[in-house]
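One chain, chain A, links the two complexes that follow: it is found with chain B in the first and with chain C in the second.
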Partner chain A sequence: MEIALASAIGILVAAGIYLLLRARSFDVILGLTLLSYATNLLIFSAGRLVPGKPPVLRSGIDPTLANHVDPIPQALVLTAIVISFAMTAVILVLAMRGRADNGSDHVDGTESKERDR
Partner chain B sequence: MSTHLPVLLIVWPLLVAGSLLLLERASIKVQRIGAWAGLVVLVALAISLLRQADSGEITVYLLGDWPARLGITLMVDRLSAWMVMVTALLAVPCLLHACGGWDRRAPHFHALFQLQLMGINGAFLTGDIFNLFVFFEILLAASYGLLLSGGRGGRIRVGFHYIAFNIAASTLFLITLGLLYGLLGSLNMAELAVRIGQVTPESRALVQAVAGLLLVVFCAKAALLPLYLWLPGTYGRAPAAVAALFVIMTKVGLYSVLRVYSLWFGDLAGDLQGFAWEWLLPAGIATLMLAALGALSAVRLRILAGYLVLVSAGTLFIAISLARPDAVAAALYYLAHSTFVVASLFMITELVRRHRVTDRMNVVLPILKPLVPGTLFTIAAISVIGLPPLSGFIGKFAMLATVPDEWVGWVWTSVLVSSFFVLVAMVRAGTKLFWDIKPEQADDPARKAKRRTGHWPERVAIIVLLAYGIALTIAAAPAMRYAQAAAGQLAEPSIYVQSVRGQAPQVRGK
Partner chain C sequence: MLYLLLAMPFIAALVVAFASPLQRRAIGWLAALVPLTGLGMVLAQSPAVLKGEVPRAVLPWLPQVGLMFDIRMDGLAWMFSLMVLLIGTLVVIYARYYLSKSDSARRFFAYLLLFMGAMLGMVLAGNLLMLVVFWELTSIASFLLIAFWSHRSDAREGARMALAITGGGGMALLGGVILIGRIVGSYDLDVVLASGDLIRNSEWYPYVLGLVLLGIFTKSAQFPFHFWLPHAMAAPTPVSAYLHSATMVKAGVFLLARLHPALAGTDLFFYVVSGVGAVTLLTGAWLAIFQHDLKGLLAYSTISHLGLITLLFGLSTPLAVVAGLFHILNHATFKASLFMAAGIIDHETGTRDMRRLGNLRRHLPFTSTLAIIATLAMAGIPLLNGFLSKEMFFAQALEIEGHANMRMAMTVAAVLAGVFGVAYSLRFVHDTFFGKGPRAVEGDIHEPPRWMKIPVEVLVVLCLAVGIVPAWTIAPVLHTAAQGVLGAKVPHYSLAIWHGFNLPLLMSIAGVVGGVLLYFAMRRLLDLHAIVRGSLGRRIYLLNVERLYALANRFTRAIANGSEQRSQLLLVLVAMALAGVPLFGSGALWPAALPSLSSLPLLGWLCWFILVAGTLITLSMYRYRLRAVIVVGVVGLMVSLAFVYFSAPDLALTQLMVEIVTACLMLLALNYLPKEAVPERSTVRRWRDAAIAVTAGGGLAAIVYAMLTRPSSTIAGEILARSLPEGHGSNVVNVILVDFRGFDTFGEITVFAIAGLIVHALLRRTRMAPEEMVEGPPMPLPMAADLSQVLFPLALTVSIYLFLRGHNAPGGGFIAGLVLVVPVLLQYVIQGMERVERVLGIDYVRCIGIGLLIAAATGLAPMLLGYPFLTSGHVGPVLPVVGEVPLASATAFDIGVYLVVFGGAMLILSTMGGIRPSLLRKTYRGMIQRPDPAQFRGRRA
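Entry: the complex of A and B
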């Protein structure tokens, strides 16, 4: 399971960085989204991967990490998801506004080819 | 009241921001009164925090009354109180400048302004590294709003760069937090300082890698080489009141470096002690030199002001990376000075733009009533270059006096040469803008109609900022004493650990 999760994080980061470096604002936004997915998985794995154990205490079960999964990374992931969701919404609106104002989806507002023509 | 003071500095601007949103249907006058009432209380709170911190005690506030190892803590020492005070003082002229008319054009300005203050204060007060991330996001989200509200075209384009860059940096921040928690099992800064000292040899390399990544994040926020390319364009295109407030945001990155690395890699860190500083010194020197060259090459006054933000960032990084308490003290003094003076330059740029239609320095144009903008520009220039008698000179002198012998060559050369470049750039800007004038009659009538003197709050805001600088010059001794005490506190991470561990929950008991 570790190797699957690690490769998933690696592939998401690689794809995210590739898209982030492209010159279209839509691609950049997709890249940032993929990066934030990879980050969420990474934080999740910081609490160690254990199947079938609850993150909340229950009576009768000894409150140690042998019987439970660490709840803090899950709380952190929740915060990170909310923040990255909101930021994606902001940048999406901005990209649409930029396209309307500058007439192009290029991250610099204009295409270099168009300027030459 | 005094026990809840740290959290009040965060909750109060949030409350004011919420109330101002409700008042948005009311007239602009009502909103302004609300914003000013909020800010006056905030300044009063910041002053009482400064007095409390000056006793030398580190206040630890347990949010939700959970013990520090489980919950989020706020931590107030002299450094945080100093930063909060600088922020509150800076906010006054920024709000004044915006009340000159910008707040009518930018929707939600007053609410976003208060949220920005909340994020900045929170970042300075928190003692938990994940909470620091959250406050970074709050201050960034508010800054996106302030930058973009009322903007179009070019500002939207630089806004996209700014936001994409900051989201990428925040993602990196989250990655380091995940790794840090996975490695060390805590997110409390003081607790982490202990655990980094006890790290096993096999995890040592990973801890170094994580600390290095975190340094990249903070340096991206603080605009250190090579992560500063977004800054001059973004700050140059932001409205003057907002750009002036943004000057403190690069200082948030610097504060984070100082806080986190002096705590984690101080004398508790064992053989990892001093990590990061040997990287920061060359990076600071390179930033300083390139920023000074950038200032020389700037054609617009606002781009010049943007590069001056970088000059101050480079100087500050050099000072703190010497890792000596007296150099850090000089840096704290210089930080307050450079924040106020660069903020005033962004406002002066706006004033010049009104009197002269454009702040481009490569065209010869007439200027309306050059006396006021010219005088203000001269005072700001003397201060920002670091000429006697103003605060810039004291700050730079104190810094240069503390450089240890082995670094004198590099540090003195870079600081003095960059000051000379800034001197040339400022003199040239002043000459081009205020002396090299075309006669009024020879000018295009369309442009003539656009020239005007601007509103009084904008001029008063600049005067207030410059007065802060003069006050810092006159009160240099008490300010420097405070800064030295703050730096002395930072040099002993163990007292932070003791204060955080020693703070028991009030109601919950043990």
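Entry: the complex of A and C
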């Protein structure tokens, strides 16, 4: 499963970065969404992959690492998920306003540069 | 008392700044009262200081770095405080009548008091770092004062120049002081002054000296940094009288005197300081002759006199130091009075241009007399104070020992300086008060108000008193100040006027005769009035500033040329480089032995397949955005499933909720963005980006693989063990969020709240053109409406349940808040926005605010009991029927999280859903149509 997770993160990152380098605002946002999945998985995996041992203490089971997975990356990722939602909202709104005010959804705010190159 | 002395100007500055602008009289009185009271306080310390005691008051400021708030009044500080406060009082009285009705009196006096406080703090500092702090404060206050008439471009330029140069010097000084601190091991002035040998023998000494002297020379306008001073003359005249005669520029020579025991006594010090002083003395005096502006002439004369003082401290003999201190006092008195006189002339005639002035002794007989006496002091004529210190200087120049060439050069320089000094003084008097004129001056000229003359009178009387009976007036002050610098080594000296016929007297006579001859010769041979000299220093300065701007612009353009796409590319490349260098540099990417890999069940591989397929499909059809949003949602669901499998129930729940809400968000946004992207033209760019993306993805996959196949080292064991006994919760993730790392979470919900407010602020008043608009009321959906009615209380219950159990089982504020969003969102879709908001009546902005307040309050409450921020408490009251209810204060914090997450998410969604359609613009096939001008005119009319 190490290979599965590593490859999944790699593919998510590649797709995310490719979309991040596109010219249109919504494509960039899609790329950021994929990148944030990848980043969350990456941080999460720092606690190593342990199936079936959630960090919820039960009576009768010792509160040790042998019985539970590392909870710290989980706490970090939990807030990261919520923050990435907020970030997505903000850039979506920036994209909307940018397009409404500039008349173009190019990230540079204008179409002309695209044609120049 | 010392604290009060130093605090008073700052407090008064604040009071004045917030006073009513109409009470000009009261402001003036208050501003004058402060230095007057201060003067009284300093005089009250005099008996002690005269006896050689050093009153002191110390408070720790930043003791970790050796910075103490240390007020220390030795003889030198005492003398400077007297000077700063006495001349300060006179300047305030003078300014009270100088300022016109249109000038803001409170702004002026607030700045002036701020400057006075800074100057006092600097001279009284007993800690070198504190001295630097106040030193910088004088630079800033002087910037504000020079730019007081901010509508004038020359004032702004002069202020910027002064700040750039003195501020740069301040930076160098800070470096020098830190080096001294390193060498000595303390910033305490007593320790530093006692460690002169240690500093001089240190290998760092040249650097220390260079940096400190850079600070001193820039502040005291020494060559080649002198050019800022004439440009600072754009300041109101009271400012020049104060800053550019007695205080600001004297700060440099003050420091020279202050650190004299620690730095002086080497050949390097002797040559650099006396050399720079001599060059400044001659340059300033020579250039002063060619000025046409009264204040310009005085400014160059000030430069020259500061050069003289620097030169004297450079000579370093005890008598030279005494002479330097003496000249500091004398120069302050006659120069301040001259600036004030120039201000009166400007005030009465409307010009300071000597080419237009003349014969003013007929129009302003009294002021003329005062100004002429002060000018004679400046020229060093007997019976005036300037003469005494000049004689001492001549005597010292003749007595330089061990440097024969230097003695020769200094003697010549001294005579030349005397000649030039007499020449420009003569020009000042002759062009202004004698001859023909005044020309092209408006209105009739008359003497100024009584109170404008009094400060000048006081100063001129002082000049005379010191000049005629020095032993009864200045001797004790000078002796005390000299003790402050030299300690017990104060030499014997005589302040008499008549020392018999000796070489210094001959030099004085030569200077006067030479000066008179030079002036009249120049008048005859050259047309003095026609010579206009530019300032080379200013030109070089402006050139450098321009170059700096050009360089900064070029750099900015190279990094960010305005193309966001390019910036993003650079960002990705830099991030890759930063990750790649240590990765391949260390060569430890692959473990030596083949690691044992864990197997994944078939279901897991299925999820992996869906995730990878979803990502690739997104990539292949990202241009069709509606579909892409749905496919991305599938990818998110797989991520959520991965969390389920790898023992992270809280994450799985959060991811699931966020996935739903994000999908809604994107769909709402898509109504205002093109539904399909235009196809890209550049194949090259696409392949290039693909290559970058694959490299980055591959690299990161390698990192993850390397990390997963290594054993982990974590502090988690500790946290797991402490969660129940100390955090009172079994759900360790939630305990970390609301307890162990509560401060972090507090920051994160704040960010979340800010994001919600940004969205609100950006969209609240906008009108936008939607891609599609459905006319009429919302479509009736009876089945769904009924269902949602049933679902709503149910979801509410689930949300509260998840919240309550969050501390012990998967759930908590984040998840519960998001769970509550979903049914409310359903209501919005089915019933329409207006109806839901009317029925529910929740103000989301307020909801966020209350949530943050609750979180902050739970954090602050323990602080009242003396615990750190966000310490959690725990009680378990036993209620009838229910039994024991575990209540941790962390639960209250979680309520704050709950409210912020719910309020923030709803605020974002409801604002995005409630955008009003634009009246002017429409979209057609993904393009925004320009407003129809006819329609536009119609609306305007």
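Just so it is clear, the second predicted complex is superposed on the first by the 112 of 117 C-alpha atoms of A that agree within 3 Å, B and C clash if a C-alpha of one lies under 4 Å from a C-alpha of the other, contacts with A are read in each partner's own complex, and residues count from 1 in each chain.
One rule holds for everything that comes next: a contact is a pair of C-beta atoms (placed from the backbone, for glycine too) under 8 Å apart; a residue touches a chain by one contact, two chains touch by 3 or more.
From a predicted model like this one, the values you see are computed outputs, not experimental measurements.
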**Request:** Could you say whether A:Ile61 touches chain B, chain C, both of them, or neither, answering first, second, both or neither?
**Result:** neither
**Request:** Check whether chain B or chain C contacts more residues of chain A in the superposed model.
**Result:** C
**Request:** Using the superposition on chain A described above, determine whether A:Leu32 touches chain B (first), chain C (second), both, or neither.
**Result:** first
**Request:** Please work out whether A:Ile43 is in contact with chain B alone, chain C alone, both, or neither, and reply first, second, both or neither.
**Result:** first
**Asked** Does chain B (first) or chain C (second) touch A:Ala14, or do both, or does neither?
**Response** second
**Prompt:** Touch check for A:Val69: first (chain B), second (chain C), both, or neither?
**Reply:** second
**Message:** Taking the superposition on A as described, I'd like to know which of chain B and chain C A:Ala23 touches: first, second, both or neither.
**Reply:** second
**Fill in**
Intersected contact list for chain A, partners chain B and chain C 20, 25, 28, 42, 44-48, 72, 79, 83-84, 86-87, 90, 94-95, 97, 107-109
**Fill in**
Within their complex, chain A touches chain B through residues 20, 25, 28, 32, 35-36, 39, 42-48, 72-73, 76, 79-80, 83-84, 86-87, 90-91, 94-95, 97-98, 101-102, 107-109
**Item:** Contact set on chain C toward chain A in their complex
**Value:** 562-565, 568-569, 572, 595, 597-600, 604-605, 608, 611-612, 615-616, 618-619, 622-623, 625, 628-629, 632, 635-636, 639, 642-643, 645-651, 654-655, 658, 661-662, 665-666, 669-670, 672-674, 677-678, 680-682, 685, 689-690, 692-694, 696-698, 700-702, 704-705, 707-709, 712, 714-717, 719-721, 723-724, 730-733, 736-737, 741, 744-745, 748, 751-752, 755-756, 758-759, 762-763, 766, 768-769, 808-810, 814, 818, 901, 904-905, 908, 912, 918, 921, 928, 930
**Item:** Residue numbers on chain B that touch chain A, as the complex places them
**Value:** 130, 134, 137, 141, 144, 148, 152-154, 156-157, 159-161, 163-164, 167-168, 170-171, 174-175, 177-179, 181-182, 187
**Request:** Show which residues of chain A lie in contact with chain C when the two form their complex.
**Result:** 1-30, 33-34, 37-38, 40-42, 44-58, 63-65, 68-72, 74-75, 77-79, 81-90, 92-97, 99-100, 103, 105-109, 113-114, 117
